[in-house]
């Protein structure tokens, strides 16, 4: 009964599940790897979300994502008086839409418990209905048996940690000991948890970031600073389901939300240098040298703590060219902190500029 | 599991169904009547829509509407392998959200048949499940028994009329004869059907306009010209469910979409004069008189076919002030056609300006 | 040689100096007074500005202002090797454009000295060339002789007060004693000086706010928070040059920039109450009462420090409707600080809401 | 007296003439050539423009241009009662700003006569004051002596050709015969003249496009379709004044305005193929093949007149990815007209897509 707006699609007799204009998210690859943009935490009407599963594929397509996972709650299904519980429904319904939209669909589910241990996504599973068990350790065991990547979700969520600070309990240490924990969310919805950086570095876990969206992406991220939903950037050998899985278990990730990047320095540093290039000086007068820095990414970079007489602050505008007027007495390379690339609980990336 | 963005709502213990900033749609009342903004044609996951019913209330609240009706298809329920058919589900689920959002909720359903007779909304009904019958005339009879306002939907929809031209068949004449037809959609989704103006004037029916939305309002109306979804403006004695119903049966409506208004001249003319006021001349030189016209509505008006030496064209900007530089030889009143106020199949509103 | 875009203007044989769409700045009048929006500090190519005088009139027209003054520097004319010094040139050139645009043109000039005493605008003067004298006290005397309103400009400008704090020197006390000082800028360009509130209240001076624009208004105020340039709101008995002058000498002003209003409480309080209205409750459940507050102005209001269980914070969106969900145990009236209405050096407006 | 907004510039002791964020205009180079973005037609207060010359450099910097020319009228200087006539003033004043902004500054002037011959820009000249002569042929001769590139400006300007159609008179044939005409404006301000394509192809002249701006660029091009001012794209061997001049005389240009490109097919065709790439099919079902086309430029391309069962129309969104769902019965390559690449008076570019 639906009339479609998009002209290229009006030729269809079959059902078109994906529509809208795909955004070209402008982020570089790393040498040897392709950067896959992923949201591993999404809900639908099959738990407490407000949309039919195909909406998640259409949103991901429009937002320029490469991979998504629907992770409806196993233990929380408030629509059940109208919709019978079916933990694999969203996965089944999305198959065709994902293929039409060239999206990698990761089978997932959210294990939804009080703290401890809290909420966890089991990703790359095979049958979500088998995760509906009483004992949470039995659930983890079943997920692992299915080959799951286990992600600890929003560890500082105030409904479970009123002070907003993530805490590791016995059960979390036990999961790590078993090799049953593989990543933790640094970004969730519109929040972030600095301490997650420390946990991930200490226990060698992947840093992840996801939207945890229950409603409509475009209506929840409306303020001008929300240029993009939270996403996990995964550095995969190829653009495929299996390469994505390999990269996740290997922990090759950064996370991206608003103007912020976060993750381990080993990925953050080469990523920054892939984004920018410094031009040769084009003019000088008796006191200054003039040159330009080009930023080829969607992320503006805020450089701080420069040493006088170099500018103490510079903003390298997204997809833009920034003119630098440098006092000739400044020494090269110019050293800066990148305020919006977080590499630790209390640490940002240090970079150097020279021409 | 949802974390709410809006600060004033974080104090809640109960479930908040309505959120977001309400838009103040700037349209005047008519003398003696309040202008109610309504969308009487909306779908949810309970037929072939892609959202949970509360999304429709949140959207209506944000868009500044006064009244909505969920009109899921009776005869078309493609989600039934996952969601058991329940024609009253959306109505039940929306009760609390509508009250929280100060929205008038009209109980409705869409009778969904091949052409003839096509699709019809039964509005102001009591039990949609009783409309699930084989014979379409039995369905109409049951709806009328429940006190329904019957609206003929998208009569020129190309899936049913490939040339886009509405046609009246025997069954439509029969409905009119019985007093079983009360309105016809002029605007539906992103289409309009000029001939509807002729039908409505000839058979004394209400002109209506609705979104027929299956997806997300904000994502379907994204182009800059879509300042608003199609809506029916109803001139009611009070802002209440019963006054709305009285006004609909009395046919006191205009329809509004993008920059367009349409409807009967008896409502369109006073509506235009409520929107604008003409200021006294503030300056003149040897050849020209200078004055301003203020338009206090969200609708820009395009005035055409002025008589030289008056300007042949003027745009009265929405919520703006337009300066007119008038040749002193022009005669008052200035007479114009308002290009974007449609009062007939091939006719626009004629107005006069004087100071 | 110029081709005009605006269609209504293409009929002209004479030169059209004002063009573009006038913005309807949505701010209320005060009972008994009309609110005039004014910018009393503007530069052109005749001192160190970068535009021809008519650009200032076109900008003011587009921005919805009622009055402007060009206040080119008397003592600083860096373009003089190309443009002969002529302190009245901008005033002469603007006469016709101001009349065409229904703008009140105030004859002005900027007395431009080192601190003390700093920079001052002489407004409502008759001949700027007579202000070109060696002794600054002679200049003030001449301005006063011409009937000038003397405004102290940007008293905390860092080029003259490196710590940004305004200071009164002997000469300022002398001016006040003589009755030769009538107002001080609280807003200038993109700065504000809290201490000005104290000076104005103590010495009974008008609070003013202006752009001090040298370049192009629309290009200097581009960030989303710059919804408007700094302006002085003057509460005049009529919309005329003489009423404006009377109101300025009487000190009936507020100043407006971005989301901020500032000025004396006697004007700020009634202004706030003219902007908003509180609706009757439309719904209640066992714990909450629901009602709406309408803000009919372009200024959003940020209400802080509410007493629990009332919401501690509310934003009353500009030209919008804000839904309040009030705990039934809260007591009326609700008392709030309006964070963005500044009434003193360290003081904001206190208001009450009740239905 | 100006306070600067941009933080990196506040360290300056010297005058900063260029400020604002430079836009990265995303257009490809051609193999062997660099694409220089140029506006060769601009006015200032030194003829009938409304801005000081440095404004033109700041605008060009912000707009991402590589080269500009100030071309004030020789014969029309309406500000002369305030500003003494000086045809080289803008050129002198702009030297430093151009160097600071890495802009190539082309010395120019506009020969301003009634039709015939109309208006002409002399570009790459040495002394504009020598062009102030009675006989227009003497002026051309002097310009040529200085090495000028002569551009015929807005040949269909309605003030000189009321029907908007360019006409060649005896004097134009004479100029061509002498080798004294090198290019013609296809775009000027907000107009275009289709017939210019025929003239340029027939007489082997460069197609040019410029803003002819008298006012403020950002305020004249405000409608959403004005993503950029009219500009001449010049394919130069290097980014230098001399390479630019060589390329102009060689006629290696396209012109760009809004969504439109125009010029000779020999440049338009490789330019299009540098903008887009066609991906390998990623999915197929029984009836369709799915693939994506990436457009790496700021120009959306509108492909028309496809042969069924291929889509008849496609829009390749600017900086975006377009999904094509292709009927398997369609034959490769797909052939389309690019509606917005104009290669003749009545002709658009034909292109082929294949994977």
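Per-chain numbering from 1; labels A, B, C and D assigned in written order.
Note that contacts are C-beta pairs under 8 Å (C-beta built on N, C-alpha and C of every residue); 3 or more make two chains touch, one makes a residue touch a chain.
Quantities reported herein were computed from a predicted structural model and do not represent experimental measurements.
Listing every chain that touches chain B and chain C alike gives an empty result. Placing every chain at the mean of its C-alpha atoms, the farthest one from chain C is found to be A. Chain centres here are Cα means. That of chain A falls 45 Å from that of chain C.
Put simply, the C-alpha centre of chain A and that of chain B have 40 angstrom between them. Taken residue by residue, chain C touches two or more other chains at no position, since every residue touches fewer.
Residues 1-3, 5, 20, 43, 45-46, 48-52, 54-55, 62, 73, 76, 79, 82-84, 86, 89, 93, 112, 119, 157, 159, 189-191, 212, 214-216, 218-220 of chain B are the ones touching chain A in the complex.
Contacts from chain A toward chain D in the complex involve residues 7-9, 11-14, 16, 18, 21-24, 26, 61, 64, 99-102, 282-283, 285, 287-288, 290, 292, 294, 309, 311, 313-315, 317, 319-325, 327.
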